[in-house]
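The same chain A turns up in both complexes below, where it pairs with chain B and then with chain C.
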Partner chain A sequence: MNSVTTIWKKELRIYAVNPTAYAFLAVFLFLAGLFFYLGVTLTGEASLRVLSSNLAIAELFILPMLTMRHFAEERRQGTLEMLLTAPISPFSLVIGKWLASVTLCGLMFVGTGVLPIILAYYGDPDWGVVFSTYVGLLLVAGAFCAAGLFTSTLLDDQLAAGLLGILVLLPFWLISRAEALVGDDLALKLQPFGVLNHLEAFGRGIIDSADVYYFTAMTFTFLFLTYRSLESRRWR
Partner chain B sequence: MIEVSRLTKTFGPRLALDDVSFTIQKGEIVGFLGPNGAGKTTTMRILTGYIPATAGVVRVAGYDVFDEPYEVRERVGYLPETPPLYPELSVGAYLQFCAELRRVPKAKRATVIGDTMERVGLRGWESRLLGSLSKGYRQRVGLAQALLHDPSVLILDEPTSGLDPAQLAGIRELILSLAGSHTVILSTHILSEVDALCPRAIIIDRGRVVAQGTLAELREQAPGGAWTYVEVRGIDGPRLGSLPGIAQVEPLPAVDGWDAWCVRATTDPRELLATRAAAGEFQLRALERRAPTLEDAFIHIVGREGGQA
Partner chain C sequence: MAMNQARRRFAAGSNSLFVSVIVVAVACVGYLLVDLHRVRIDLSADQGAALLPDTLTKLALLDRDATPVTVTAFSGQRGKQESYYKDRALRDLLDEVDFASQVVTVAFVDFDKERLTAEKLGVTDYSTVVVQRGAARVDIKDRELFKRVGKGEERHLEFLGEKALDRAFAQLTADNHRVVYTLVGHGELDPENHDLGGLSEAAAVLQQDDYKLERLDFVRQRDMPVPRVPDDAAALAILRPKVPIPSLEEDLILAYLSGGGALVIAVDPESPVPSILGRLGVVIPSGRVLDKILVFPYPDRPVPRYKSHPITRDLSDDSLVTVVSGVAPVQAAVPPLEGIRSTIVLETSRDGWIDRGGALKNGQGLYEPEIDGQGPATMAVALEVSRDSGLVRKGIGRVLVVGDSDVFTNGLLSEGPGNASFVLNSFRWLIGDEARISVIGGAKKARRLALTAEDGDQIRWLAIGLGPLLVLLLGVSVWASRRGR
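For the complex of A and B:
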C-alpha cells in the first residue's frame, strides 16, 4: 500500500506541472459547459441528464490522452527501468498510476461542480440524481483510465498509445448504436456491452449493482491486461 | 557478492549472452569492459532483475535474482545507461520520490537525501528542474538515486559518460570511496576508466566473456608483451632487425626527422642498442622500455578496434 501511495503522489505531482494535462482539462470543462447549456436549453429541465451521456463520450476521447504518457513515456525516458528494479511490485505501479489518473478525473468533475450550482440557482434539481450522475461518470472514468493505461504499455510513442486507447474504447460507445449496422436483433444482444446503456440509469438517479459491476469488471480487466502486458514486455 | 554462472540470454533468434560466468567478491570494484553491443547492458539488466535470463543462475548479495527478486532489489543500487529522470520534477522532489520508492525510513529521509546530494556534488541544487540539467548533472542525480538507500551492491552502466574532466575526477573519486564497503560493477567502453578505477576487469565481446583478471594479468595478454621504443638515424629496418637478439621491428611515424621503431626482442635490447650507438653504428635519440597498455591487450583480446559488432 505504501508503494502505491508513493507512485500516486509522484504521478499527481507530474500531472500538476504537465501542460498537456491542463489543455485536456480545459477542453473537458469547455465541453461540459457546452453540453450543459445545450441540455438545459433544449429540454428545459433542471437536470444533468443530457450532460451525463455526452460527458461520457468526451471522457472516451480525453482520458486516453491523459493516461497515454504513463508507461510509454516512462519507457522512453528510461524511468520504467528504475521503477521495475525498485523493490515494488509492478502491480502497485499499475494501481498507483490508475489511482492518480482517477484522482485527476475527480478533480475535473469538481471543476464541473459549478453546473449543478447554476441549476440550483434557477431551478430545483434532484440532488440524489446529481450525485448518482457523478458516480456514473467516475465509474466510466475508472474504466477508461484503465484502458488508457493498458494501451500505454503497448506502444513506445505516447501519442500513438493515446490514439490506440481511443480506438479500443470506441466500440464500447458505438455498440449502443449498432441497429443500422447489424440489425435490431443482434443490436439488442450487443447492448449490454455498451457503456451508454449502463450509464443511463445513473442519469435517472438509480445506482444499479449490474451497472456498477459492468464498470468495475471493465476496470479490472484493463488493469489486469496492463499488468500482464508490463510483465510480458520484460520477457521479449 | 555477485555470482553469475552459465548465463545465457536470447532475444528471439539473436544470442545476446552466451554462457557467461564470473564472480565478484564483496568490496571489489570490477570493470565490465567491451565494445558497443557486446552485451554489457543486457548483463546489467539481468543482474538487476529488469529482464529475466534465458538460462543460467545469477545470485546477487546471496539471493537468486529470479527467485528472490525483492531481496536483491533492496540491496542493489542501479544506474542505467540513461539516468532515469523525470524532466518535470525538481532534484529535491525526485530524490524524495526515490527515497520513498526505496523505503528509506521517513525520519531518516531528509538527512539521507542531504548527505547523498553532498556526496555527488549536488548541494544547493534541490530546486532545479531535472529537465534543465546538463548531462553531467543528470548523471550525478542518477548516481544519487542509486546511492540513496545505501545498497551493498552498486551496478553502474557507463557512470561517467558525458562528464567533463573536472566532473569525471569527482565521480571517480566518489566511486573509489565506495570500495571496501560496497561491491561495485561498472560497465564502460573507455579503457582509461578501468585503469583509473578497477583493480580487476571482465572483458566481454559478442556475448561471451573473453578474458577476466587483474589489469596486470590482462595486460600480459597483449601480443609480444613489453617492447622498446627507439628513435634512430643512419640505420634502416632490416639492419636494425638483424642485430643480435632482436626479433622484430615495426616502423612507427617519424618524429622531427628521426625514424621511430617499435623493437621487440627476446631480452631487453636497450643495453645492446646503446652500446652500438655509442660505437657510432647509428645515431640514437630515444630509447625507452614500454609495457603493453590495456588498450593493446583489449584490441588483441577483442580482435578488432572497438567499433560495432
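For the complex of A and C:
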C-alpha cells in the first residue's frame, strides 16, 4: 500500500509541474463549458445530460493523451527498468499510476463544479441527478485511464501510445451509435458493450449495478492487461 | 540455448495470453450475471426517474399474461419550443418500460424521418404514442402526455406520459369496460363537479384503471322499466348523502349487494346514516374523530394509521399519509354479524378519541372521559359479506365504510400524498382487482431554465471562459516559476 501511495504522490507531483497537464485541463474545462453552454441554451433544461454524454466522448480523446506518458516516457528515458527492478511490485506501479490519473480527472471534475452552481443560480436542478452524472463520468474516466495506461505499456513513443489508446477506446463509443452503422438487430446485440449506453442512466439519476459493473470490469480488465504487459518484459 | 529461450518465451507468452483471455471472458460472463440480477438506485428527486409502483404492477400483469405489447412513440416537432424535453421525456419513459418488462417492445420513431412507420400506424400528429396488444390499440396524444400548469413565472410543463401509458395498459388488459356508479339525488358528492368538494379528480384517478365514474339517479332512471343498479356496475358509491335515502332505494342497493356487488359508503359526522349500515352491523356513533397526532395546522385532521388490509398495504409500506378531514367514527359490530367479516382499514393512534364537544385548548379538542369515546377510534372498515349473512345470495359482497367523504374529493385528493392511491386501491379491492393494488404517483415536472439573451451571455463567459482561463494562468505561472529556477 505504501508503494502505491509513493507512486501516486510522485505521479501527482509530475502532473503538478507539467505544463502539458494544465493545457489538457484547460482544454477539458473549455470543452465542458462549451457543451454545458450549448446544452442549456439549446434544450433550456436545468440538467447536465447533454454535457455528460459529450464530455464522455471528450474524455475518450483527452485521457489517453494524459496517460500516454506514464510508461512510454519511463521506457524512453530508461527509468522503467529501474522501476521494475526496485522493490515495488508491478501491481503497485500500475495502481499508483492509475490512481494518480483518476485523481487528476477528479480535479478536472471539481473544476467543472461551477456549472451546477450556474444551474442552481438560474434554475432548480435535481441535485441527485447532478451527483449521479458525476459518478458516471468518474467511472468512465477510471476505465479510460486504465485503457490509456495499457496502451502506454505497449509503445515507446508517447504520441503513438496516446493514439493507440484512442483507437482502442473508439469502438466502445461507436458501438453506442451502432444503429446508425449496422442493422437494428446487430445494434441491439452490441448495445451492452457501448460506453454511452451505460452512461445514459447516470444522467437520469439512476445508478444501475450493471452499469457500475461494466465500468468497473472495463477498468479492472485494462489494469490487468497493463500488469501482464509490464510483467511480460521479464520473459520477452 | 536459443531454442530453450524461444520455448520459454512461447510458454510464458501463451500462458499470459490464455490468462488474459480468461480474465476478459470472466468479465463478460460477470456482466451477463449482473445484468440478470440488476439493482437500481434512483437518486433523482422523489425517485422520479424510475417507474412508479403502479406502472410496475401493471407491467408485471402484462408479463404474466405474456401477450406481446408494442409501444411506438413518435417524436415532437423539431424546432418547436420544448421539443427536446418532450422527446427526451418520452425516450426515458420508454427506456424504463423496456427495462421493466419482458413482453413490452418499445420504439421511438422520428416522425419527420420515418413517415412510412407513421403512415402504417395511421399517425398524423407529432408526440403521439401508440400502444398495441394483439388487435387492440390505444393512441395517446400530445395533450395527454404533456400539460402546462401554474401561472406567470411558476408556469411550467409537466410530463404525464407514465400516467397515460398506465391508462393505456389498463385499457388493453381490462376484460370489459367497468363503470363505478355514484348515487346522486340526495345531495351526494358529484363526479361532474370540478370544485374542491367535487369528484372530478376521483373520476380521473379511476380512469387510470379504466374505471368510469358515472352518476346513478334512481328517480331519473328512465332507460329501465324498473329502477335498479345497472348490470355493468363494477361498484356503487354512496358518498355523503345530505338527506336520508328512501327505503325503496336502499332496497335497490341491497338487491345489488345481494348479487355479490361492491359498495363504498362515506359519511360525515353530520350527514344522515344510511340504514343499510345497520343491516351490515356497522354503527356511526355521534361525535367526530380526533387525535393528538394531527395534520398541521388543522385541528380536525387526525393522521390515520393504516391497519393490515390490502387497500392500505402498499401505502403503509411507502409511509404515504392519507389526509382525512372532519371524520365520523365507524364501529363494526363486535362480535360481527354472522356471515360478515369486518376488518379495520383506518384507525387513530392510541391517543385518538371520539370527541363529543366540551372544552377546547388553543382551538383544539380535548379528551374528556366523561363525555368522549375512548380511542383508538376507527375511521374506516372493510366488510366481506357472505351468503351466511342472508344478505348475499351469490358470491361475496364487499363493502367499504369510510367515516369521511372529503377523502374522495378534489380538495383532499391532490393534497394528501396517499389519497389518490387510497381511493383507487379501495375500488380495486371492492371490485376484486387486488393484483393491481399499488401506489400511484403524480406528474413529473420539467426542470427548465428561463434564460434571457443577457443570461445566455453571462453563462457563456462563466462556463467557457472562466475555468480554462484560470487553469491556463496557473499553468503559465508554474511554467514560469520552473523556468526561473
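Keep this in mind: the second predicted complex is superposed on the first by the 235 of 236 C-alpha atoms of A that agree within 3 Å, B and C clash if a C-alpha of one lies under 4 Å from a C-alpha of the other, contacts with A are read in each partner's own complex, and residues count from 1 in each chain.
Going forward, a contact is a pair of C-beta atoms (placed from the backbone, for glycine too) under 8 Å apart; a residue touches a chain by one contact, two chains touch by 3 or more.
Bear in mind that the values here come from a model prediction, so they are computed numbers and not experimental data.
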item: Simultaneous placement of chain C and chain B on chain A, clash or fit; value: fit
item: Touching partner for A:13 - first (chain B), second (chain C), both, neither; value: first
item: Partner chain(s) touched by A:88 [first = chain B, second = chain C, both, neither]; value: first
item: Contacts of A:3 with chain B and chain C, given as first, second, both or neither; value: first
item: Dominant contact partner of chain A by residue count, chain C or chain B; value: C
item: Chain A as apex of chain B and chain C, Cα-centre angle in degrees (nearest 10); value: 160
item: Which superposed partner A:37 touches (first chain B, second chain C, both, neither); value: second
item: First, second, both or neither for A:22, with chain B first and chain C second; value: second
item: Superposition-derived minimum Cα distance between chain C and chain B (Å); value: 5
item: Chain A positions touched by chain B in one structure and by chain C in the second; value: 17, 235-236
item: Chain A-facing residues of chain B, complex; value: 11-12, 45, 48-52, 70, 73-74, 76, 78, 80-89, 93, 97-98, 100-103, 145
item: Contacting residues of chain A [partner chain C, same complex]; value: 16-17, 19, 21-23, 25-27, 29-30, 32-34, 36-37, 40-47, 49, 111-112, 114-115, 118-119, 122-129, 131-132, 192, 200-201, 204-210, 213-214, 217-218, 220-221, 224-225, 228, 231-232, 235-236
item: Chain A - residues contacting chain B, complex; value: 2-3, 6, 9-10, 13-14, 17-18, 77-88, 234-236
item: Residues of chain C defined as touching chain A within the complex; value: 8-9, 12-13, 16, 19-20, 23-24, 27, 30-31, 34-35, 37-45, 48-50, 81-82, 84-85, 88, 92, 95, 446-451, 455-456, 459-460, 462-469, 471-472, 474-476, 478-479, 482
